[in-house]
Each structure stands twice: as structure tokens, then as C-alpha cells.
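As C-alpha cells, here come the structures.
You will see two complexes here that share subunit A, one where it goes with subunit B and one where it goes with subunit C.
Let's look at the complex of A and B:
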């Protein structure tokens, strides 16, 4: 885990330093800065140090919480911490929605394989996968919040303030974020289930005289969920770690993703670095969690 | 004589596939009596497993066409609803499958998988069901059954898994046990143990069994009666002695000739049946075995009926046009029963 985080941070740092027009001193010094001012800034912020030293300083600051944005000069870690409740609200809600619908749709699709329900769900899933998030978000906003004022146009109300308002404001973002995953996961689950249906133990289950429903849920679905959990660990880690950039930006949710989006726009290294580390941490973290969960789901990999 | 427990009449199973219709089972009939062990033998793909699974409706699918009659007690199983079948599965007729490695669900404890079947059919508490599962595991010879019931299938050896499958099959005291190649996937010593166990169950509980196998050694050990199947049809049926010592169909000769037997002189080389079993999509005309049969003649292009040709009323029937006396001359090759001894 440490090694993964280290590698990721080095890569981001190097990329940032080789892309053109990213000289941070120019930005900090302002538009009409003269050479002396830029030199002062370079000196003050340590941009004259060799890259490995700069890297070490930056990483130290990430972990001690002293890192400041080049752009706004605000403390990066604090900004991220501020964004976490928003991002978590968005992601957890979306994850509940996407897992529920994906399992429901995947199950129905597999059970009705080849029939009308399956074909309709297949088409829906493909539409869901193909729709760009920003487009979907804009459409939902336009039709459901602007034309018909069913939902608010964004913003975030904290859970502590009013749970009802919190959910009400988040419904559209939740669905926007979930749609892609519902489509994708339901397809994966469908094919997993169709594979499992031919397994010998499913035949055994039928021969035992279980009802078709019991066979499908206890034997087919149960075994098909194992790969889905793996996917979920990766994807959930990614969206929590700032992967929901588009959704957060369109709905004006000041989460980690929106913060990262802003930083990309202004080529602001420290926030990017911190968000990347934060995201990588979550992906690795959820992967580890999934590995642990795996042992529960699949006893074959449990350690003796 | 008491009426048979299970009566199968003219069972036909066809599967519609993209390449054409597969006649997996073509007019199979047999009776099974209380306490009897019936062996169905034949090569892979001859329809024996499909026959067995169809008895319990396990081959039902949108592309399967199933005709004929399977009567169990007073019930017709071919036309029975899924719900009616469900009540029979496990409770009246139970099944043990070929590969114990894949027949148990890897994510549930062995004890729970047995319990699941008990709970599906009777109104007992989970606790009582689990006790019953442990008792069953002990009965089929799982050591330390209490602890092992809480193990997962991958913690069992192959033989133990097959024992667990048998324990599961016995959990509701069925009248009929269908064993689909129960010992094929196991080591020889374990095979013998499993067969011994099945024999014991048959003797002590009067459990009727249908044993699907391609291993004639297994047949010789446990069967009362034998059905020989070839390409979806029964080609010979009779008691164990009749089929083993007075085989009527050249295919049966071939099967027996390819077996090493300690009660017969040792052959230079084992007989073999030349050629390949036919594709189920393009079956030969007439007797399905005729293209591989060295004794075929014109009549073989017509399908022979399954009748008692040798001795009427014996129950020993076959599907071969050859005259029984002629057969007796033909089948003795170098003091052995065999189709053809390949030139050394």
C-alpha cells in the first residue's frame, strides 16, 4: 500500500513538472511580475531546489497538513477535509442506488435471459453506460429542476442540518453518478449468473427439491456476487477519492472531486497532489477491505 | 409381484440446438422395483445421464422436448408441474452426481447444504435439521462428523465429498437413489468404498437404485439388472447374469470384451470396438450400431425392436436381428466374449 501510494505520488509530481506552462512561480507572482519578483517567489517557495528535494518537501507537507495551494494559498488538507462530507454523502448514496439497481436488473436480466425483459434491460444498460455524465447531469437539471421544478438545481445541505433536505438535494446527483455503474454492473452480474446457472452445484440444488427462487438466490446469485464486490471496491474507492469530478461540478457540490477539478483548471499542483494521494489511498483502502470481505464471501480463499 | 416403484415407458428426450435436433434419449423403457439395483451402462454421450436426470425433470428447459411416461407411485412425472416435481425431488427420489468436486456449492458449509434440503421439505427447526445432518454424515462414514459439518466443501477430500453428497441424498429417506457415475471421479480405493456404502444402503434400507456408469466392474459388483444403452436407445436389457454371461447384442460383446476379467482366460490383447460412437446429430439409419458392427447384414438397415429373442418370458431382451444361435457361435472369439480381437 505504501509502495503504491509512493509510486503514484512520484508519477503525478513528475508529470506536473514536465508539462509546459506549469511554472508555479509565474502564477503566484501574478500577471505583471518582473523577473526579480519571480526569483523571490522561486526562492521563497523552494522552486529552485532540485526536484527530489521539492518532492520530499511537498510530501512532508501533505502529511503534516502544511501544504498550501499555489493559487489560493489556502491550506490544501483543510480544503479536502471540508469536501469529504459532501463527497461521502454523494458517493455512499450513489453506491447504495447503483448496487441495488444493478443487482435487481442483473438478476431479472439473467432470469429472463433472451426474453423481452432481458432485452429491454440490456438496451437500458447500454444507454446508461454510453451516456456521458455531464450530458446526463445537464439534461436532468434542465428537465427536472428547471422546466419542471421537481428538484433543486444543486447545492448541498448538510445531513446534520436537515436529513430530508440533504436527501432531496442529492437525489439527482446520486442517480447521475449511479447510472453508469448500474448499467455496467448489471451486465456483469447477468453474465456471471448465466455462467453459474450451468454449474453442477446448481443442478444439485434443483435435485434437492429447492424452489426455483431459492436456487436462484441462494445458489446462483450468491456465487455471482463475488466478482461484483471486487469491481465495487475499486469503483467506490475511485469515486470517493475525487472520481466524481463531473457530477460534483455540474451540481455545484463542493466535494473533493470539484476541488480537484478546480485545481486541474489552474494547474495547481499541491491540491492535485493531495487529492491524488487521497484518491489513491481510498482505492487501496477499499481494495484491502474487499479482500477481507472476499474471505467472507468465498470460503475457499480463507486462511486456515 | 408388487407393482414396480418406478415405471418408465417410451421416454424420449430431444434437444433442439442450432445444429439440429439431438435425440438424446429415444424410446427408453424400464421398471424399477423396491430394493432393486438397476445399472444403465454405455459410452459417454449415449443418453444415460440424460435419462437419469429426466426422471427428476432436471433436463427441463425451453429447448428440450420430453415425451413418454415416467410413473412414480401413482404420479406421472413427465407432465407434473414444477411444484409437484419439487416435492418428489430429494424426498422420494434423490440424486448423486458424477463429480463431487463441483456438485457441492463452494460457498456454503457442508452441513448447511444438507440442512437446506431437510428444511426445504419438512417443518423442523434449523437446530434439529443440523443434528440430522451430522447424524447422516456420521452414517456415511465421515469421521468427527460434528466438526466436519461446519467445514466447507474444499476442506473435504473427493471421497468425503461424495459421501457428503450421499448423506444429502439420503437425508429425507428417499425410496429411490439415482447415482450418476458416483465413483467415476474418484480414486480406485475410494471408488470401492463408495460402492460398498451404496451396496450397504441398498441391503439395509431396501433402497432402490439406478446406477449410471460406464464401468462394467461397478456393474458386476452392485447391479441386479442391467440396461445397455447405445446412441439413445436400449440395445440390451436383462439380469446381471444374463447380460454378463449370455450377452445378446454385439455392442454388449464389445463392452464385455474390452474388460479384463479374472474369471476368464487372459487374452493377448483386449477386444475393442472399432470406430467412434455416432454423432447424435446424424445417427445412422436402422440399428445405430450397424456401422461399427462386424456382423451386420441387410436387415440391419431396419430398426430392430427390443424384444426377448433368446428365451421368451425371460425378461432378457435385445435389439439385434441376428439369430440367437448364430450369435452364440459368433461371439466366442478365442475363448473370450468379444467383438473382434485386433490382429497382434
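Let's look at the complex of A and C:
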């Protein structure tokens, strides 16, 4: 894991400091930098040093909380920390929605394979994975909070302030973020369930005299959920680590993603550098956590 | 046919000597003397695909969308305007009355039945229909080119890692794992913004920062692990087969085995992934462009059209809705067709999507 984290930080360094074909100080300082600022940045980041030294300087800045945006004069790490509660509110709610709907739809689809329910759910799932998230968000905002004023137009109310308002403001973002994953997971679950329906243990369960319902839920569904949990580990890590950038930007939720989104508009690189690195780190941590959980849930994995 | 009495068929072998054919139970019997027609796996796949009307219909829809976008210059000629021509102060005749293309309060005209401004105008007074067609060319071009890059890289990595195993595999797989750890969108954004100044210098090749090749290369690279992993897995299984051993025994070198023995067995996987990859690429392109890290002016894509239109969503929603619908239709057509292709090429569902 340490090796992966190191490799990630090297890639981030390479992306921001090595590949681009322009003066690094100019890039870091931002669009509207004057000569003096560029000079300062050059000094601070040591762009004349050899690459390994530059790498060390960058890592030191990111991890000592010393990294700041030269455009907004704000400390990057503090801004990211400020965004975490918003991002977590969005992602945890969306994750609950996407897992429940995905399991429900996948189960129905597999049980009714080939029938009308299955076909319509398949079409819905395909539409779900074919929609740009930001466009869906824009459409929901336009139709459900502008045309018909059912929901507020984005913004975030903290959970401590008013739990009801918090949820009310987050309903649209939750569903927006969940749609893609519902579509994808329900299809994966469907095919896994159809595969395991032919397994020997299912025949055994039936032979034991279990009801069809018990066979489906206790045996087929449970075993088919394992790959879904793996996917969930990856995707949840990705959305928390800044992957919810589009949803946050459109709904104006000031989370980690929206912070990165604003930085793109102004081509402000230090925030992007930090968000990219923390995002990838978070995914790695989360995956390790899922792996450990797995070993706990399934003894076979522990042995392998 | 099945109800006919069983007749043991005989047929002439190519040499002309009388031979007997083993009768496959369940297969219809053949009159004596008739040759068995060879059916290649491709022909069988095509027969399965042909039965899947929905997939074919969506495949046709994609072709229509591509043709529609290719006809952009033609329509621009008919409408008498270009994708970047402003008509901010112009007037056109609507229902016999002259109307401002863009009203004094900044609201452009909406879609209507007139050749010019068929889908309305944008806030700069540009023809949305013409821009849509040109934007579609960009979006589809990026999607296809990036998919070609992804496929090329992923197949190379998958073949090398799966065939040589050992340390080659370790190095390549670890590298893929690291790229995999980044959220795709964030990695795309990081590259997109880092290359937004000054473009890219690849040896003797310089790519300016507003070139379409910047998003193409970025999108082409970030999806490589998602395709390389399953291909590597398949190669690992294939290389244990007897035909590879036979090729080794014949004295074929690793490269020839990879290209003449392994690659032909990977085609169905590659085709399926390629189709679905174009769909994903188009979604990623639109997201990057929406955020300002993708296609740069003067080029326009469906993603940048939405980004521009979104600023005026409350006064001119058609600017957001139309390009969005175009993306959904195109991506949906590719996804449904790709799904049908997978069912046809791989009836036992070996090809698994990991995302």
C-alpha cells in the first residue's frame, strides 16, 4: 500500500510539474500572475532544483498544510477540510440510495428475467448509465425547482442546523449522484444472480425443501452481492475523494468536488494538485479497508 | 424436421471416398450427399445479432447520428451560416413579422420551423442546429479516437503482461493499479488543467493547448486499466491452451504467437469493449468540457455547448436540453448496441465489464 501511495504522489507530481510544456512557476501562480509573484513561486517551489528535490518540496507543501492557492490566497488543505462534511453528506446519502435501489432493481430483474419487468428495468438502467451527470442535475434543477418549485435550487444546509432542511436540500443531489450507480450495479447484480442460479448449492437448497423466496434471498442474492461490495468500495472511495465534482458544482454544494470545480475555471493548480492526490489516497485507504472487511466476511479470502 | 425418421446419413469425403458422418443428436438429419456448410464463429455471432432487433435498431441510430453530424457543412450551407458566425443584431422573419434573433434582454429565439435557426439561436445569436452538428463531429471524433488509443494501449499491455507473466506482468499490473486508484474524472481534470497552458511536447511532436488531441490523449489514457485488466486475464487463460503450446513447438516466437495465435482469440472482447468505450469516452469528454478542462475554443463539442447553455438555462433552456439529449441518444445507442454485440459474440457471457 505504501508503494501505491508513493506511486500516486509521483504521478501527481509528473502530471503537474513534468509533462506540461510551459513554465511551471507560471502555471502554479495562475492566470493573472505578475512577474513578482512568478518569481516568488519559482523561489518557493524550487523549480530550478533537480526533479527529486522538487518532488520533495511539493510533498512537504501538501502534507504540512503549507500549500496555498496563489489566486485566492487561501490555504488549500483548510479549504479541503471545510468541504469534507458537505461531500460526506452528499456521498453517504447517495450511497444508501444507490445500494438500495440497485439491489432492488437487480433482484427484480433477475427474478423476472426476460419478462416485461426485466426489460423495462434494463432499459431504465441503460438510460441511467448513458446520461451525463451534470446534464441530469441541470434538468432536475430546471424542471423540479424552477418550473415546479418542489425542491430548493441547490445550496447546503448543515446537518446540525436543521436535519430536515439538510435532507430536503440534498434529495435532488443524492438521486442525481445515485442514478449512474443504480444503473450499473443493478445490471451487474442481475447477471451475477442469473449465473449463480445454476450453481450446485442452489439445487441443494431447493432439494432441502427451502421455499423459492428463501433460496433466492438467502442463497442466490447473498452470494451475488460479493462483487457488488467490491465495486462499492471503489466507487464510494472515488465519489468521496472528489469524484462527485459534477453534482457538487451544479447544485452549488461547497464540498471538496466543488472546490476542485472552481479551481478548474480559474486554472488554479494547487487545489487541483491536492484534491487529486487526496482523492487517490482516499480510494487506496478505502479499498484496503474493504479488503480487510472481506477477509473478515469470507474466510476463503483470508486463506488465499 | 425432428419428426422425420432417423436416417443414417452418408456423404462423400473431399477425396471422393465414401465416408460416414457421425450424427449429432438433436441436429436435423441431412439428405445423403449434401455437404455440411462451414459456419464461422463470426457468422454465428452475426446470426445471433440479427435476431436482436433492439440492438440493431440502436446500432442504426448511432450510424444515423454520425451521418447527421458528418452532414454539418451541408446544413451550414443550406442555413447560410457557420458554427461560429454571430447574428447578435440580426433579425429573421417569424410568422411574417421580423423578430430579433437575440431579444434586447438577451433571450435568444427558440426552436421553430425555419431553415435558419431550426433549433433556435444561442445567446451570441449563433445557429444552434449548425453548432450541434459541428459539436457532434468533435464529440464523436474524440470518442472514437480516444477509444482507438485506449484499445491499442490496453491490448498491448494485456498481451505483454498476460503472455510473459513474471516481472513484466508485475510491473505492468502495478502500474495499472496505480492509474486505477485515481478517480477517472479527477485524473482527466488534473491532466486537462495541467496541459491547459502551453500544450504538450512529446519528443518532436508539439500539441498546442487548444488542440483536440489534448482531450483525446487524456481520455485515451485514463481508461486503459479498465480494458487492460480483463484482456490480461483472458490472455493468461488462453496461453495455457494447447494451440499456444503447438505454436511454441513449431518454433514461433513470442511476438508471432501474440499476434497470430492470441490476438485473433481476443477480437470479440476487443470489439465489445471498443464500442462501450466510445460511449464512456463521450461522457467523459462532455464532463471535462463542461468543467472547462476538455475541448477548448474555437472548437465546440456537445459538452461545451451544454456548458455555455447552462449559464442561460432559466431564460433559454433549449441550449442545455438539446445537446444533452444528443449526448444521451448517442451514448445510449452505443451502450445498447454494445450490449447486443456482447450477447452475440459471447453467448456464455465470459466478457465481464469492470468499471
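The rule is simple: the second predicted complex is superposed on the first by the 268 of 304 C-alpha atoms of A that agree within 3 Å, B and C clash if a C-alpha of one lies under 4 Å from a C-alpha of the other, contacts with A are read in each partner's own complex, and residues count from 1 in each chain.
Heads up, the rule we're going with is that a contact is a pair of C-beta atoms (placed from the backbone, for glycine too) under 8 Å apart; a residue touches a chain by one contact, two chains touch by 3 or more.
Being a predicted model, the structure only gives us computed values, none of them experimental.
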Which partner reaches more residues of subunit A (counting touched residues only), subunit B or subunit C: C
Subunit B versus subunit C as contact partner of A:15, first or second or both or neither: second
Subunit B versus subunit C as contact partner of A:280, first or second or both or neither: second
Touched partner set for A:205, first subunit B, second subunit C, both or neither: first
Touched partner set for A:60, first subunit B, second subunit C, both or neither: neither
First (subunit B), second (subunit C), both or neither touched by A:223: first
Touched partner set for A:131, first subunit B, second subunit C, both or neither: second
Touched partner set for A:246, first subunit B, second subunit C, both or neither: second
Overlapping contact positions on subunit A, where the subunit C interface meets the subunit B interface: none
Sites on subunit C touched by subunit A in the complex: 174-175, 177-179, 181-187, 189-201, 206, 279, 283, 286-287, 290-293, 303, 306, 310, 313-314, 317, 320-321, 324, 327-328, 331-332, 335-336, 339, 349, 353, 355
Residues of subunit B touching subunit A in the complex: 53, 56, 58, 82, 86-91, 94-95, 97, 99, 102-107, 109, 116-117, 120-121, 152, 154, 165, 168
Subunit C-facing residues of subunit A, complex: 3-4, 7-8, 11-12, 15-16, 19-23, 26-27, 126-127, 129-135, 138-139, 141-142, 146, 184, 188, 191, 195, 231, 238-239, 241-243, 245-246, 249-250, 260-261, 263-265, 267, 269, 272-273, 275-276, 279-280, 283-284, 287
Interfacial residue positions of subunit A with respect to subunit B in the complex: 199-201, 203-212, 214, 218-219, 222-223, 297-300
